[in-house]
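In the two assemblies presented below, subunit A is common to both, partnered first by subunit B and then by subunit C.
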Partner chain A sequence: MKELFPAKQVMGFVFSMILTVTALSVYFLEMSFTVGITILLVTAFIQAGLQLVVFMHAGETKDKGAIYTNVYYGLIIALATVFGTLLTMIWGYQIP
Partner chain B sequence: MKIDNSLPLEYSTEENQTKILGFWIFLGAEIMLFATLFASYFVLVDRTGSGPTGAEIFEITPVLIETIVLLTSSFTIGLAIHAMRIGNKKAMMAFLTTTLLLGAGFLGVEIYEFVHYVSIGAGLQTSAFTSILLLTLGTHGAHVTFGLFWGLFILMQVRKQGLTPETANKSFIFSLYWHFLDVVWIFIFSFVYLKGMM
Partner chain C sequence: MDFFDRFAVPHPSPAIYASMVAIGLTVVAIIAGLTYFKKWGYLWREWLTTVDHKRIGIMYLISALLMLFRGGVDAIMMRAQLAVPENGLLDAQHYNEVFTTHGLVMIIFMAMPFVIAFMNFVVPLQIGARDVAFPRLNALSFWLFFMGAMLLNISFVIGGSPDSGWTSYFPLAGNEFSESVGTNYYMFALQISGLGTMITGINFITTILKMRAPGMTLMKMPMFTWSTLVTNVIIVFAFPVLTVALLMGTMDRLFATNFFTTANGGMDMLWANLFWVWGHPEVYILILPAFGIYSEVISTFARRNLYGYKSMVGSMVIISLLSFLVWTHHFFTMGQGALTNSIFSITTMAIAVPTGVKIFNWLFTLWKGKIEFTVPMLYSIGFIPIFTIGGVTGVMLGMSAADYQYHNTMFLVAHFHMVILPGVVFAMLAGLTYYWPKMFGFKLNERIGKWAFWFISINTLVTFMPMFISGLDGQARRMYTYSESTGFGIWNMISFIGAIGLAIGFALIVYNVYYSIRYSPRNIGSDPWDARSLEWATHSPVPEYNFAQVPHVNSSEAFWDSKKNGHVLYKGELEKIHMPNNSGMPFIMACIFFLWGFAFIFAMWTTVIITTIGIFACLAHRSFEQDHGRYISVREIEETEKKLRGA
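And now, the complex of A and B:
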C-alpha cells in the first residue's frame, strides 16, 4: 500500500493545500488590495510551478529543454496578452 | 517498434516521446487561450451595468469545495501515473476512477453555481461582467467535461488491453491535461473569486 503513495507526491499535495489556505487568507483577513493581490500572485504561480514539476514530470526526460522552452513561450505570450491588454484598455499611458 | 526499457512505458517508443512533446505544445496554446479570457475578464470586471458585481454573487463555500475537489483529483491522477509506472494495473484503474469521480463532483458543483447565477439574475446577457465571467468559467468547465469522457475511454482501454506502451502513453497525456486544468482553476480561484471577494 505504501508504495502507491510516494513521498514526493504526498508532500506536493500537502504543500498545494497549504498554498490554497494561504491564498484564502485574503478572504478571511482584512488587508489592503496591494498586499492581497501580492499574496494571490505568489501563491498561484508557486502552485502552478508545483503542478508542473511534481505532478506533470516536466524535466525528468531528455525532451525537458523543449518542454520548458515551450512552457516559457506560452507563459510569455500569456503575460504579454494580459498585461498588454491592461495597459492599453485600463491603466492607460501618456507619451511625454 | 523499438522499445527502450530504460524509460517509463509511456516514453518507451519514439512515437510515444513525440506524442508527449506534441501535447505539451498543445498545452502551450491552451495557456494562451486562457490568457485571452483572463485579459478580457480583467478589462470587463467593473463593467457591471445594472447587473450585480462579483462580490454580490460569489459564494465562498461552493468555490472552496470545487478547489479542494479539483486539487485532490490532480493528486489522484498523479498517483495513477505512479501506479502505472510500477506496473500496478489495478491501483492505476482505481486512482483513475477516483479522479473521474472527483471531476464529476467538481462539475456538479459548477453546474449548481451556474444555475444559481442565472436564477439570481446574473445570466450570460446581464452585463459585460457576467458575460465574460460565465464564458471564462464555462470554457474551463467544458474542458473538464471533455476530460471526463476522454478519461472514461482511457479507463476502458486500460481495462481491456492492460498497460501497454500505447495505453500508458494515452494515460500519461491525459494526466498532463488534467493537471493543466487544475492549474487554470488555481488562477480562476485566485484572480476571479478571491480577488472579487477581497
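And now, the complex of A and C:
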C-alpha cells in the first residue's frame, strides 16, 4: 500500500497549496509593504524549490549533480545581480 | 506614397545612395549567378536545410568574415574622418551611425559568430560525438543569428541606422532624442540574434554534459571543450538580462511605456545597469573560447601537454562567476558613491588573478617545449605581450578614482581594442589557420600567413597606441571632429596609417585563402599539425558521421596517447549510425522572424500579427512532426571510410 500511495507528491501538493494561500493573504489582509513583500519573496522561493524538487524530479536521475549545480549557480547570479543593482542604482546612488 | 515615406533614409548622402545601388546589384548578381549555374537546389539541399554541426560552423565562419569586412570598412571610415582636424568626410550624424554599427557589427555579428563557429565545428569532434544534442535547434540558432545580422545590415539603406552608440544609453536612445527607426533596428536585430545565441547556449551545455565519448570524464575533456562549457553557462545566465532590457527599451519606444524615461517614474540609468549586467559577462563569452583555442594551439606547437590542467579549469570557473560581479565598472562616473565604486573596483581587480594564472600556465607550457613557429602559434605568442598592454591599462581603468580621468576618452577606446584584438581576433585567426585543414582538407599558405600576422600585430600597436596618448590629452571618444589647436591631429594621423596597415593585413588573409585554394597541396593527411586531441583522429574533411566508431578515451589527449603510447581509440565492430534528417523549417522560421522584426521596426501592425501567427505555426508544426532520423548502413560507412583513407 505504501508503494502505491504517492505520499511525497500529495504532501508536496498540500504544502504548495498552503504556500499559495499564504501568498494570497497579502492581498486580502492589512499589513505594511515591508511585511507583505517579505512574505511574497519567502513563499515564492520556497514554492520554486518545492516545484523543482518534488514535481520536476530535480534530484531523481543521475544528472542530479548537473541540475543542482545549475540551480545554485543561477541562484548566486540572480542574488548578486539583484543586490548589485540595488547597491548601484539605489543604496549607493548619490545624484538625486 | 505615404506608406513608403517611412522607409526613406533621414540623412541621405552620396555614399548611402551608392551603397543602395551596390546592394541592389549584388543581390541581382547573386540571384542571377545561382540561376545560371543551377545552384539553387544545391544551396537548399546542402546548406539552407542542413543540420550538420560542421556545415553550420562553416556558415557561421563565413558570416563572421563578411561582418569583419563590413565592420572593418566602418573602422576605416572613422579613422579617415579623424585623420586630420576639421575633416568633412563624414557629417556628425553619419559618423554617429558609423561608430554605432561598427561596435554592434564587430561584437555581436563578428566576434560572436566567429566564436560560435569554432564551438560548432570543434566541440562535437573533440568529445567524440556525432553531432550536437539538438541538431535542428542548432540550425535555428544559426538562422536566427543570421537574420538578426541582416536586419541590422539593411538599416543604413532603409530607414536609417542606429546612432546612439553600441551601448544605446537612454534617454538618448529614447523617442525624444532618437526619432528615426534606427534604435528600433538595434532592439530587434539584437533580440533576434540574441535568441539564437541563447539556444546555442542550452544546446552546447547539453551536448557537452550528455554526449561525451565513453571514458571522457569532465576532467578529461580537452581545454577548448571546457572553455566552451563555461562560456555557454555564462551565455545562459547573461543573455536573459539583455532580452529583458531590450524588451523594456522596445516597449518604451513603440508602446510609450516609461521604463527608461526621465519622467513619470522612469529610471534612465537602469538601462545602463541592465546593459552592462549582460555586457560584462559578454566580454568573457568572447574571450574564454579564445583562451580555449590558445590552449589547444600552444600545447600542440610546444609539443607538450598543457601545464596546470586543473588550475586552467578552476580559473575559468572562477572567471565565469566573477564576470557577473563587476559590471558597474563600466559606469563609475555616473553617480554612485565611493563605497559602491570601491566594491566594484575590487571585484574588477580580482579577475586579473585567475586570468594571470592562465597566462602563467601558457608560459609554463612553452617552457622547455619544442616550439614550432607556425602561423597559429605566432598569433598565440603575439597575443601575450599585446594583451598585457590591454590588461594593464584595464587595471588602470578599473581604479574607480582614476577612472574619472580616463572615462569616455580615447584611452578607453585604445584599452578595449588592445584587449579584444589580441584576445579575440588573434585567437580567431589562429583558430582559422589551425582548423582550416580539418574543415577543407588543405592548409593555408604559411608564408603569406606570416606576412599577414606581422602586418596585423604591428599595426594593432600603430593604430591603438597613439589613442592612449590623445586620450590622456583629453580627446573624447565618439567626437566626429576636433580643432587643430587641440594637438590631436598627429596621433590620429598615425592611427589612420595603422588602420590602413590592418586593412592590408586582412586583405593578405583574403589573398591567402584564394592562393591556398589554388596552389595548396591536398595530400596532407588528417593530422597535419601532429596534434593531440580527438578532432584530429578522424579524416579531413570530416565525414558526415564524424567517427566511423565511437572513440574510447582515458585522458584529455586521447589522440596523442593513441599515436605515442599505444592507446586503442576504436574498439569493436562497425555499427549502423543514427543521424538526424535535414529540415527547411529553421530557415523558414528565421525568415518569418526577419519579417516580424522588420514589421515591428516600422510599426506595421498587420504584418506583425500575421508573422507572429506564422512563428507559432512553425512551432506547432515541429510539435506534431514525426521525424525519427535516418540510419547510415555499415556498407555505406565502409565505402566512405575506404574512399577517405585512399585519398
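Rule of thumb we're sticking to: the second predicted complex is superposed on the first by the 87 of 96 C-alpha atoms of A that agree within 3 Å, B and C clash if a C-alpha of one lies under 4 Å from a C-alpha of the other, contacts with A are read in each partner's own complex, and residues count from 1 in each chain.
The working rule: a contact is a pair of C-beta atoms (placed from the backbone, for glycine too) under 8 Å apart; a residue touches a chain by one contact, two chains touch by 3 or more.
This structure is a prediction, so every number in the text was calculated from the model and none was measured.
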item	value
Subunit C versus subunit B on the shared subunit A, clash or fit after superposition	clash
First, second, both or neither for A:43, with subunit B first and subunit C second	first
First (subunit B), second (subunit C), both or neither touched by A:3	first
A:92 touches, of subunit B and subunit C: first, second, both or neither?	second
First, second, both or neither for A:66, with subunit B first and subunit C second	both
First, second, both or neither for A:77, with subunit B first and subunit C second	both
Dominant contact partner of subunit A by residue count, subunit C or subunit B	B
Subunit B versus subunit C as contact partner of A:18, first or second or both or neither	neither
Subunit B clash site on subunit C (candidates 75-83, 93-101, 255-263 or 417-425)	255-263
Subunit B and subunit C contact sites that coincide on subunit A, given as residue numbers	63, 66, 73-74, 77, 81, 84-85, 89
Subunit B contact footprint on subunit A (complex, rising order)	3-6, 9, 12-13, 16-17, 20, 23-24, 26-27, 33, 36-37, 40-41, 43-44, 47-48, 51-52, 54-57, 61, 63, 66-67, 70-71, 73-75, 77-79, 81-82, 84-86, 89-90
Of all residues in subunit A, those that touch subunit C in their complex	63, 66, 73-74, 76-77, 80-81, 84-85, 87-89, 91-95
Subunit C residues touching subunit A - in the complex, by the definition given at the top	209, 233, 237, 241, 267, 269-270, 273-274, 277, 321, 324-325, 327-328, 335-337, 339-341, 343-344
Subunit A contact footprint on subunit B (complex, rising order)	7, 11, 17, 20-21, 24-25, 27-32, 34-36, 38-40, 42-43, 60, 64, 67-68, 71-72, 74-75, 77-79, 81-83, 86, 88, 91, 175-176, 179-180, 182-183, 186-187, 189-191, 194-195, 197-198
